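For reference, the structure is listed below as structure tokens.
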Amino acid sequence: MGKGMIDLSEMYTVRMRYPFKVENYVRYHGRVNFGQGGQAHDVMDVIKEFGMVPYEAYTGKTWDKDRHNHSELGSVLKGMIDAVIKRRNPTPVWKKAVDKVLDVYMGEVPAEFTYEGKTYTPKSFAKETGLNPDDYVEITSYTHHPFYEKFILEIPDNYDNSFYYNVPVDELMNIIDNALENGYSVAFDGDVSDKFFFGKKGYAVVPEDRLDTEAEEPEKEVQVTQKMRQEQFDNFKITDDHLMHLTGIAKNQEGTKFYYTKNSWGAESKGKERQFKGYWYMSEQYVRLSTIAIMVHKDAIPAAIRTKLNIK
Amino acid sequence: MGKGMIDLSEMYTVRMRYPFKVENYVRYHGRVNFGQGGQAHDVMDVIKEFGMVPYEAYTGKTWDKDRHNHSELGSVLKGMIDAVIKRRNPTPVWKKAVDKVLDVYMGEVPAEFTYEGKTYTPKSFAKETGLNPDDYVEITSYTHHPFYEKFILEIPDNYDNSFYYNVPVDELMNIIDNALENGYSVAFDGDVSDKFFFGKKGYAVVPEDRLDTEAEEPEKEVQVTQKMRQEQFDNFKITDDHLMHLTGIAKNQEGTKFYYTKNSWGAESKGKERQFKGYWYMSEQYVRLSTIAIMVHKDAIPAAIRTKLNIK
Amino acid sequence: MGKGMIDLSEMYTVRMRYPFKVENYVRYHGRVNFGQGGQAHDVMDVIKEFGMVPYEAYTGKTWDKDRHNHSELGSVLKGMIDAVIKRRNPTPVWKKAVDKVLDVYMGEVPAEFTYEGKTYTPKSFAKETGLNPDDYVEITSYTHHPFYEKFILEIPDNYDNSFYYNVPVDELMNIIDNALENGYSVAFDGDVSDKFFFGKKGYAVVPEDRLDTEAEEPEKEVQVTQKMRQEQFDNFKITDDHLMHLTGIAKNQEGTKFYYTKNSWGAESKGKERQFKGYWYMSEQYVRLSTIAIMVHKDAIPAAIRTKLNIK
Amino acid sequence: MGKGMIDLSEMYTVRMRYPFKVENYVRYHGRVNFGQGGQAHDVMDVIKEFGMVPYEAYTGKTWDKDRHNHSELGSVLKGMIDAVIKRRNPTPVWKKAVDKVLDVYMGEVPAEFTYEGKTYTPKSFAKETGLNPDDYVEITSYTHHPFYEKFILEIPDNYDNSFYYNVPVDELMNIIDNALENGYSVAFDGDVSDKFFFGKKGYAVVPEDRLDTEAEEPEKEVQVTQKMRQEQFDNFKITDDHLMHLTGIAKNQEGTKFYYTKNSWGAESKGKERQFKGYWYMSEQYVRLSTIAIMVHKDAIPAAIRTKLNIK
Amino acid sequence: MGKGMIDLSEMYTVRMRYPFKVENYVRYHGRVNFGQGGQAHDVMDVIKEFGMVPYEAYTGKTWDKDRHNHSELGSVLKGMIDAVIKRRNPTPVWKKAVDKVLDVYMGEVPAEFTYEGKTYTPKSFAKETGLNPDDYVEITSYTHHPFYEKFILEIPDNYDNSFYYNVPVDELMNIIDNALENGYSVAFDGDVSDKFFFGKKGYAVVPEDRLDTEAEEPEKEVQVTQKMRQEQFDNFKITDDHLMHLTGIAKNQEGTKFYYTKNSWGAESKGKERQFKGYWYMSEQYVRLSTIAIMVHKDAIPAAIRTKLNIK
Amino acid sequence: MGKGMIDLSEMYTVRMRYPFKVENYVRYHGRVNFGQGGQAHDVMDVIKEFGMVPYEAYTGKTWDKDRHNHSELGSVLKGMIDAVIKRRNPTPVWKKAVDKVLDVYMGEVPAEFTYEGKTYTPKSFAKETGLNPDDYVEITSYTHHPFYEKFILEIPDNYDNSFYYNVPVDELMNIIDNALENGYSVAFDGDVSDKFFFGKKGYAVVPEDRLDTEAEEPEKEVQVTQKMRQEQFDNFKITDDHLMHLTGIAKNQEGTKFYYTKNSWGAESKGKERQFKGYWYMSEQYVRLSTIAIMVHKDAIPAAIRTKLNIK
């Protein structure tokens, strides 16, 4: 989303976001999602409130230089706060206990750090990068709310009730194309667990006969409509299971349009997926169907659409 | 909230709100509250979208002229939609099935009805009453968000993520007093299950020693601070378990200020509570502590506060 | 069971039987089976009480011309009635709610319909076919009850406590053979989930070494005795998981006797099973072992056996 | 039900009935009731199959001369057979294990015993008493089945699917009166946990305002109709929680008719109930409402009703 | 157990014992008790390994000067370690996380502290007091192990498998009397939740008719035998629910012997119990029955018994 | 462990140990392991208390000459005793019921039997064999307790809190080698469910890259350290899932040292494992890593180690 992002500490975002997630879960008495996942706006919210730090200043790893174990951390935290909720008369110290557990698993967050010879606080570092969280908006495309308005997207990972702009799917694709053509990357939040996301082969399509469970490499794709998007969303077929970056556009020999996609697991992927170095091609139809929402810089939105959305 | 409200069908609100509750619960895969309760804004949302009907045009009772059984209805609906969610591949007909079940339990909603000799649709009737849902705002007072801004109140019954204005508790009381003095009633959403809500005696106070479990009729009240409010909210001591209307102000012999409160169960209350005909007195301190939020007409807010809240 | 059956609406039976299943489950406070399955007599009970309709007059499909979703329907109904039972103080309207849900999922049942130019009610249509439900009896063969008497077969799907005649297994086979030789089909209720029911190959046998889990196409069969039948039934090895029709007798090259069996899923079977168009061959030994019970026309029973059973 | 019954061993019935209960529960894979309770016909079924023994020959007590502990026995047996069912591949020895456990808790059943100087087997003793189980029939009164026919009463304790004759409630009362007037006692199976069964005061009535939870000794009774019976049965208000014997008829000063009722716990009742020595008075209306079914000698039924029921 | 004990920090024991409890629970994969309770030897084990500190140097309170909330702490810890166990592949940091949580709830343990003008470590302070943990032994009296040997007492709170000496109950009482007469106090671990522990009246007895649930202040006590002790232990009637100190012997007017008992909740007890300032009288018979085990100084044991136990 | 052991009845051990297991489980109110497994000392404990019998005198099989079904027995017993625990007021007969169930499933234990022409009791037979249970000790190697001391090994199957000697892993291997070289076999309690225990190939190793899940027959082994042992034990990677006998030492062509291991399932193993007739080769590294504990005759321990352990 900007040149400086390459070296950022994702784990700083995770670390700084956890106390909010935990408090939110307790306030709703556990009747809200508490997962490890999040949405693209989580990153921006953290930057806005707590700044950002480069990866070298906060790796988020404490006991193994190569691996995180967010799964144990997540389970341990849930064990703690479910206990707090069940008691219905919490002490004032449980939040502090949660903070200490986060520090043990992820490391303490630096108040100051040195980067390329200069000393920063997370806030001053964020300022230095020039990235302004308020410049980024999330956009989706569903028909159960009116287009060109904002609404709180009803997915469990949107646990903090953020607003998403709503546009027709054709305009959603316009925005993506416009952004990529003008040098902006696009944060993609969508479904990569679909049967036709061929992770091991490096690409994803929407074959015509999705019921034919024996087709391995389908040749023809279906044309994804707004109605199909909605049905698959309503039926839990398409869920928000991964965040990636769309970084370019390509065509294969048959002329099918694909989006070149950077997967954050990149270097860590295993087995056959390793060969793609964290990059995949998702077909245009796949993106039309499987995108839950995108986050882009306001300036990457075509002017006509931006006007309709009343984004200043 | 207006003269015409007296004869309104509460059940119309409940009936028209259920499909939204049900869909919302399914969209969040069950990770959200699904209770019988609601907030004051639920009423306004229904009026805005579906209008209103007088009680005589829609009693919401089908099998017993005297009683509702929303408890069976709620359990039956939850049984249905939990089954839908668990399957993760819903048919397109389950919503229709929910609608039919609502009709069976509560009766079909009239497209048109006659009231005092005139024929109305719910929308035209709402228009006729002159009540404008947009005139009403919800206001609360908690310190985990900044004052004079709106925030999504984190209580399970605020399942639809509505916004509440946030003011200091002294100004909250000002608003209530100003409203009552100017002839507006105030919708109170708060806690009536507190041990010192003496339902059978008709009043509620905040005794000084709340731990003294043997005091039956405490004499002295504690002075409720903003900090106390927050602690009791954070510890789940004060929860939103009932909606009532504050309709007047009174003082007892010792000069303690009480709010005269109309309870919607009124006529149906049993045993000793019957003598109060659905009216209770809540002391000023009790209201300071136990009010989760209020809903008032914008014009009932003192001008200075209204300006700070930027309510036009 | 008669020529006219070919075009009958199975779904009419299912639809008309559900209210009884539901009520029965509630009357026993949930301590009885509530599944989608049933026994052959369910069909006859519905014909007797509610008549029958041709498939074209009642497809039982409302939202997809090709598929049922009885699984969602079953779960939704169970969710509803478990809620009703748990409350222990049911309203009088829950049965009506169940009926409406059945209508939404399966369609409303026609009071009258036109078939081949004539107008019928379900009852008049049943009469027209000449099929008399009282002509059909269910027969089983187990030793925990005396032979030649009726008993209530203790299987969960016999939730309505129907009676079955009990004969030695040799006579059970006699009845089947006699029926098929005289042009009657035989309804078979038995086990097709057995490891040696080779659905994908189109036949089923009882190999000598049933423990040899590597044998794929066993050559020699065991001779099934009355004792084996009983043991496998007592140990839940043989359960009533499917209803089919035995329609003929055949021998393979080695002279093994097989029963030609029409499976109701016929046209809808998937993958390799498709090639058999819903027909399978079950060996004589397989039928001896895996038949829970049969239903046949009284007249298809050899006279000597019929006398012993005292069937008039 | 006969003079000789006074000294009979109830525990013999319980002991001999348990293996059937256990096997039945396993056959239905646990989807049937397994409680300590039973119906009047359980006694007759045991007499028919296993005879009877006097109390002195089989007390059913092994470890405490004064008390049974059927509750531990029942839980232990359920623990065993739930384990058997869950495995789905039972050994042939589990039934024997159940038998041994029954022997440990209740004592071994005598093959022979001496009573008043003569030696009997249970069967010869039963013969000696002259009691013929086939002379007894069970009768109920509900409208969800046709009158004057038999049906399998749908209550969890009728786990063995016994048939009950069905008559209008007025005729049910006629049968009771006729029996008592002619020297037959009547086995009553019904509800004694009703709020207005004043166990500690020795009588039971049906007060007019059953909702008035504060009335302790109501003066006026409601007239119980067939419809009320049905509603309370359908709503689980009236359940079969106890077996007693109606032994006589009495009137109080106001002329209200009561049935004098012998409770089998008699001698063992505690506290204030002790004064009634196991006898209670149930008002006519209470019996009309709370009788699930009765068992009487065929000859105790008025001839006209017997004809309608086609009991020979 | 010594003069210096009066000012000791019980919470230091709790704090230092928790990591062991937690690790033990995880090692047994959760198949061992994890409660807040403990046995008298827990204190000695901590003194031996970690020394002791005076109350003023470690209150164990962090967020409320008056109260602990070990209940939330216990639940939170259990939530954490159940999560760790369920994963079956723990990280190396979970123990550190547990330690931090303990510090948050109970405060950090001082490495050094000043007491009456001198500086100590916990170990040097323990040495200063002269108390030698090895001087203390635990003694019980049950017949399912041989007398005069040690055995691991099978109670859930003995999670660390400590050994107890076993003596006849008469000798157990001798030891208590001998200790009290010679100026030693006796740690009592036993049952205070018994119905006849009249906490609000300040004394405990063993009334003759323990079944008479209406007797409030029984006059005559039963003579407790070894057999009664064993039965009540085997039947879970007597459990180890509290630790107290026996500090003296007294007789009432009728000559009944009582033990004067110091309850550790003393100052904090509520309501009517407050008047006893944490002291109760337990009758001789009550102590015979309800003592699970005692801990005494070796020198407090009569020489003859000590010889039999082979305690040097 | 001695020549005479070859013909011993393992089932006698199981049978005689069960009542202890059951009682232990009930005493700890179910908060302890109740599995079918055990440790090597279980055998010795039974010999010491109840003697031993040859296989022909007690097969432990009652209903099938070829198979046990301890799994049903274990479930049935657990069902019984969980019921007993839940009631919290057990009768005195439940243990007898457990004994009878054991007899039904495993056969009654002979008080006397004839073996090779002589009559024995189990005790006299044990004496005759000359085997002295006190000669055998269990030894393990973990660093969470000091070396050269005994401790209660914290594994769920050590439900009876037995003590194990603790030595460094190199000495543990010395003991094994010394024993085998001097003609003693060694009981091995350890992990055979490890992915690199190639049961079907007859050997087990510790490949260098244990994460490489595709290596089927790894060539190079890792050198197992004390630290690795501890980590895998602490992380539940190595568990005590099987008891076997180490009976010899061998080297393969590459010079890798293997232990020849006799598996008790030997004759009964199925499929490809059958070819090894119950014998496997475990590499030295595998034994270093996967041995939870061993049991050996005291005299098989090298003198120097024995002195350090203070074993007389």
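Residue numbering begins at 1 within each chain, and the chains themselves are lettered A, B, C, D, E and F in the order written.
By our rule, a contact is a pair of C-beta atoms (placed from the backbone, for glycine too) under 8 Å apart; a residue touches a chain by one contact, two chains touch by 3 or more.
Because the structure is a prediction, the values reported are computed rather than measured.
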**Q.** Both-way neighbours, i.e. chains that touch subunit F and touch subunit E
**A.** none
Q: Select the chain at the greatest separation from subunit E, using centres from the mean of Cα atoms.
A: C
Q.
A-E versus C-D: which interface comes out with more C-beta contact pairs?
A. A-E
Q) Taking E-F as the reference interface, which entry in D-F, A-B or B-C shares over half of its contact pairs by residue number? A) A-B
Q) Taking each chain's centre as the mean of its CA atoms, how far is subunit D from subunit E in angstrom? A) 51
Q: Take the average of all CA coordinates in subunit C, do the same for subunit D, and state the distance between these two points in whole angstrom.
A: 37
(Q) Can you work out the whole-Å distance between the CA centroids of subunit A and subunit D? (A) 66
Q.
Two-or-more-chain contact residues of subunit D, please, as numbers and ranges.
A. 90
Q: Examine which chains touch each other and state the graph shape they make (line, ring, star, complete, other).
A: ring
Q.
Applying the stated contact rule, could you write out the chains in ring order, opening with subunit A and then subunit B?
A. A, B, C, D, F, E
(Q) If we count contacts the way the header does, which residues on subunit D are in touch with subunit F in the complex? (A) 62-64, 69, 71-72, 75-76, 78-84, 86-87, 90-94, 96-97, 100-101, 103-105
Q) Considering the complex alone, what residue numbers of subunit D touch subunit C? A) 24, 27-29, 31-33, 88-90, 152, 154-156, 161, 234-237
